[in-house]
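For reference, chains read A, B, C, D and E in written order, and residue numbers begin at 1 within each chain.
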Amino acid sequence: QDLTKLTFIQEWPTPDGFWIPWILGSDKGFYSEEGIELEIVTPPTVADTMKFLGTGRAEVAFTTSMDIVFAKSQEAPVVAIGRYGRGNNWGILSATGDKLSVADLKGKTLGIYNDAWTMAQLEMILSDAGLSMEDIKTVAASDDTVPLLLQKRVDAVTGITNAEGTEIVTVTGKAGEFLPAIEHGAPNTPIFALAANMGWLAKNPDTAKAFLRATTKSIAYSAAHPEEAVEAFAKRYAKAYDPAFIKQQWLDTIPLFGTTDNKALLNDAKDWETLVAALAKFKVLDGLLPATDYFTNDYLPE
Amino acid sequence: MQPEKQPLWRSVLYPVIAFILVIGIWWGAVEFYQVPRYVMPSPADVWAHILDDYRTLWIGFQVTFKEFLIGFVLGAVSGFVMAVLMDTSKTVRGVLYPILIVSQAIPIIAISAALTIWLGFGLAPKLVIVALVVFFPVVVNVLDGLRSVDGDLLRLARSMGGTRWSIFRHVKMPATLTPLFSALKLSATFSVTGAVIAEWSASTSGGIGAYLMQANSRLNTSGTFAAIAYLALLGLVAFVLVILVEYLLTPWRNKPMVPRWSTRFWRK
Amino acid sequence: MQPEKQPLWRSVLYPVIAFILVIGIWWGAVEFYQVPRYVMPSPADVWAHILDDYRTLWIGFQVTFKEFLIGFVLGAVSGFVMAVLMDTSKTVRGVLYPILIVSQAIPIIAISAALTIWLGFGLAPKLVIVALVVFFPVVVNVLDGLRSVDGDLLRLARSMGGTRWSIFRHVKMPATLTPLFSALKLSATFSVTGAVIAEWSASTSGGIGAYLMQANSRLNTSGTFAAIAYLALLGLVAFVLVILVEYLLTPWRNKPMVPRWSTRFWRK
Amino acid sequence: MSTTPVPKLRLSDVSRQFDTNLALAPTNFDIAEGEFICVVGPSGCGKSTMFNIIAGVLHPSSGSVEVDGQDVTGKSGQVGYMLQKDLLLPWRTVLDNICLGSILHGRTTKAQRAEGVELAERYGLGDYINHYPSALSGGMRQRVALMRTLAMHRDVLLLDEPFGALDSMTRMAMQQWLLSVWKMEKRTVVFVTHDIDEAIFLADRVAVMSPRPGRIRDILPVNLPRPRGRNVYTAPEFLQLKDQIMTYIYDEKDNSDAA
Amino acid sequence: MSTTPVPKLRLSDVSRQFDTNLALAPTNFDIAEGEFICVVGPSGCGKSTMFNIIAGVLHPSSGSVEVDGQDVTGKSGQVGYMLQKDLLLPWRTVLDNICLGSILHGRTTKAQRAEGVELAERYGLGDYINHYPSALSGGMRQRVALMRTLAMHRDVLLLDEPFGALDSMTRMAMQQWLLSVWKMEKRTVVFVTHDIDEAIFLADRVAVMSPRPGRIRDILPVNLPRPRGRNVYTAPEFLQLKDQIMTYIYDEKDNSDAA
């Protein structure tokens, strides 16, 4: 049987536990069963994913909701075809036993992941306590902010529970303190998404459906077999990774899907509306479109 | 890479033609291939962005320029000192040379995190990163310069009763200026890249490198290319600066006489 | 940066001392300052990691070496051609030189996405990135070499009825070998860094650069430093390779006679 | 003057101007087949300019150059040419350097290389054909440079201060050697030198040039018998010629600042 | 020999071995105050080795060097020293190059610089004190190099082929100039040259050296009256000395391969 090659561009340059479904799915043959040969490629920087998707260099992408919004504001022909996770687990992490409130942030130094969504949410949280960006000092590190936190070079870092949070647990053996953004004005909408090039989508609806079917199946299987999932990852990326970290990350990720049935990837129109409204309110960018322009559920399995 | 002796109109005209050529090809390509804006903007987009955000860009330019300048001088000076150190003994040279060569293969980004942890978020780690870019070429060239001083000249200086220090000061050191500057010219623009990488590593600065990264993360290609344009400008400034300093420090290469303002000028 | 003529035992002993020194200082510092493992591992940790994962690292080494090698040759050849082109006319030189200089200030990572979009995810963009690292020094040095050929020698060759091409082939071109190789030596190890950046740019490869990034992104410092060790090795191999090729291609610099196996050797 | 009806080399009103500087005033000079002509004159009097014109690598501002009655003005490759600097290619063997002419014309044939070897053997460098020039002494290098010129098979050889860079003792040996080569090869030689002793020792006729503008001031025949040994330096005719040339050169008023 | 009771410069059994090569066999040589000694000999006969030992930059394998009866073996800074290469510092003005000795001893005083200017003016380079060496001709550069040596105020000057790189005409002018300097400054000069004419023209005594091992073969007094003009080249005494030196040099059996 001839397989259709599908280029799947990732959100950032380095593999991590989020990718487990398609890694394990490829190994188990879930994609080839659907006639797809999945080529997983990484971008130079987090910003380049949408360039590859928009120009059709890649057909599908693992990305963030925010990147889709930014890309569409630049008229890139991309659209979300599925969500990855349900809610917003982004927030501010600090060392174990050093729990911070929003008001405590005044005058503190924060290690941040340098993207637009981080800045936007940070502003939302700060305004909840009547603060602004002027009241804190931010440090953007290209790779990782966690070592800075552990070495007490910064007082706190921004991040999500199943990445930065996982790191803190793996290194120190204890969970860090977490200040969730959703409790302080940020919208509780999914961070990650699967996206596709719209031109390709129009011409290859069946392949798109096949891709999402296989992915849905992979998520369900990976959630049910975490040990196998971590093994598949370790096999592909050898010892460049700390297996303990990957395992922890996947375990931290599974609950975020909510369900792992056919509805796992379903886009919720309300989520998108909330997001667009928040972006408009905080003037994060110009050129916002109606919420329904950002996603489609047409290619999801029934 | 000594710039050619040429009439002034040429040394202005040629870069202008070069500039027009680059802009023209860029614009033509963007129009002809219908390159989408989120991949590559047209020169007009970039120009509009620069006009729109010139204040931030200008501040960024100054920040990055400062990082470049201090780091560059630091790297040049420490490279020079290292070369002098290595010139003193065969053993020192033999041991340090392999370390230097191999160290070049280590990507700076891989050690920038450790640098930040040791040195904090201030200027220090950025200066070190810029300095590292200049360091190696300077060591190699200055060492070559020191070792190529004519043995007869050294013998003559000794026969005149020169001490080790005075011979170094007056005979060997000035002989390293030409190779030193050729190393500096080769690494001037490249160390601007060093400053950018440094800003990415741990950025509290509002430099052009940080601007580039932020614009890039928002798919704001006009912003990205505006930053690149400023970096190109910074590279040009860096290069011209090195040439200028060389011109001032090595008057004997361009002039038949010592300049009148020099303390070495003899008035009857 | 011609390596010194020294007895064999020295050219082995010195690097060994250098190696021991680096490892010793590293180990001592890690122990003394109680540096945590997630900041910097001890040499023993790294060694353990290498033993544990040698297969992947070895494959990665080969992948990266291939990228380096092809890209390096590509960059050297195209730099050479560019220099020859620029040597033909003052105008071409005058226009291209400023472009070349300024282009050095643009960080490769800022354009690597565009490169990948044009050239795909395969080897091509990686080769271009490595080639870019070598390109500039080669152009500068070869151009200098071409322009420093003695005018009297050229006049002599013309008086002997040489054509433009045969004079280029037999008189000018061989004169560029020495500056060409000094550029290659200066950029050999550095272009290993180029290969690493290239792998970060669009990585479907399993090279050492990709390994480094993966390890680095998740605080696997043993993995990071294992990758750095392999990169250092790669840099050393690159450097030694260039020296070796230079030795073979320029026998007149080391030997009094043409080697017996050469076609230029005359047998009575 | 011992000119034959058709001279081997004829300069007719050859001159050359560089911007406002008349490097060579219109010059006429006939040289017979097999003659050995030496040209002496202070620095900057246009000797190299004249040679570059004859060799065809510099265009004269006026006048023409004829070889065997053929106009060769501006044509290169008609005469052999050699300079003070040996200009050997360091990356080529002695043999290849001797054969450089044919290399520049494409490939060297086996026969051409064999001829180069024969030349090297005949003139005492047979053991060095596979060496690189860096392995040779200054005198040996100049000999190779001359063989390179000989291997071009041109009847006229222009030698521009070929021994100027050698120490006096090596130089004397080279002069002897050059005369023996000239005798065997029967070429027409024009030889530029700063050294008056050398000029008289070698030449059939000595052309004395003077600068500003560069021109031939006089041509003096040397009637010393050949072969000439060390004893000619003390011959009265030699001393008288030397004195005359010195007078020409040092009593020109504007040479006091030449040093 | 015209030696005074205590010679200005005395070499006693000075020799130097390089590995297995005896560059200079044990040599004795006394030089009187104010004498002008020329040393001739083929390449490699140990002339520069001898100079380096006298200048104190090379240790002899045996023997001692005395200046005014004082043992100065291995001590540098006792004599003035000048080489064929002018070795001017390109980044220093002519004046600074002349004052290099005092610069190397710390700072130049105003007086030292004024003295340098005076030297330059006295010997025809007054207009060039603020120039860089690159703006000067070869002859001018050598004159600066000699002034640098004079400014050191050493009684003994060692000149190692100072004019070897100049063309013959510039060279003659420089010889005249050197003699005038020597006459005014009243120094003791030891002058190495390859050129026999030059040696005889300049010297009070000519030391002829021969190689393998390097040694002084003979010392010939030159009894030509001073000041010497161009006419000395044709004086019978000159020609006879020249012939004798040539015989010494060229009839040594192992010099045939020197070229």
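Throughout what follows, a contact is a pair of C-beta atoms (placed from the backbone, for glycine too) under 8 Å apart; a residue touches a chain by one contact, two chains touch by 3 or more.
Here the structure is a predicted model, which is why all the values come from computation and not from measurement.
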What is the set of chains touching both subunit A and subunit C? B
Chain by chain, through touching neighbours only, how many steps does the shortest route from subunit A to subunit B take? 1
Shared interface partners, meaning chains that touch subunit B and subunit C: A
Taking each chain's centre as the mean of its C-alpha atoms, which one ends up farthest from the centre of subunit D? A
Centre to centre, by mean C-alpha position, how many angstrom separate subunit A and subunit D? 83
Using Cα averages as centroids, what's the distance between subunit D and subunit E in whole Å? 33
In whole angstrom, the CA-centroid distance of subunit C from subunit E equals 50
Return the residues of subunit A touching two or more other chains; collapse runs of consecutive numbers into ranges. 45, 47-48, 51, 55, 143-144, 147, 151
Subunit B: positions in contact with at least two other chains: 39, 113, 117, 216
Return the residues of subunit E touching two or more other chains; collapse runs of consecutive numbers into ranges. none
Mind giving me all the chain pairs that touch? A-B, A-C, B-C, B-E, C-D, D-E
Which subunit C residues qualify as touching subunit D in the complex? 150, 152-153, 155-163, 166-167, 170-171, 174, 177, 250-252, 255-258, 264-266, 268
What does subunit C use to touch subunit A in their complex? 36, 38-39, 49, 52-53, 55-56, 109, 112-114, 116-117, 120-121, 200-204, 211, 213-220, 223, 227
Mind listing the subunit B positions that touch subunit C in their complex? 1-4, 6, 10-11, 13-15, 17-19, 21-22, 39-40, 90-91, 93-99, 101-108, 110-111, 113-114, 117, 136-137, 140, 143-144, 186, 189-190, 192-193, 196-197, 209, 212, 216, 224, 227-228, 231-232, 234-236, 238-239
Which residues of subunit E touch subunit D in the complex? 42-43, 137, 139-140, 143, 164, 167-170, 172-174, 177, 194-197, 230, 233-234, 239, 242-243, 246, 249-250, 255, 258-259
Can you check the complex and tell me which residues of subunit E touch subunit B? 52, 55-57, 76-77, 79, 81, 83, 85, 87, 89-93, 95-96, 100-101, 103-106, 113, 117, 129-132, 134-135, 152
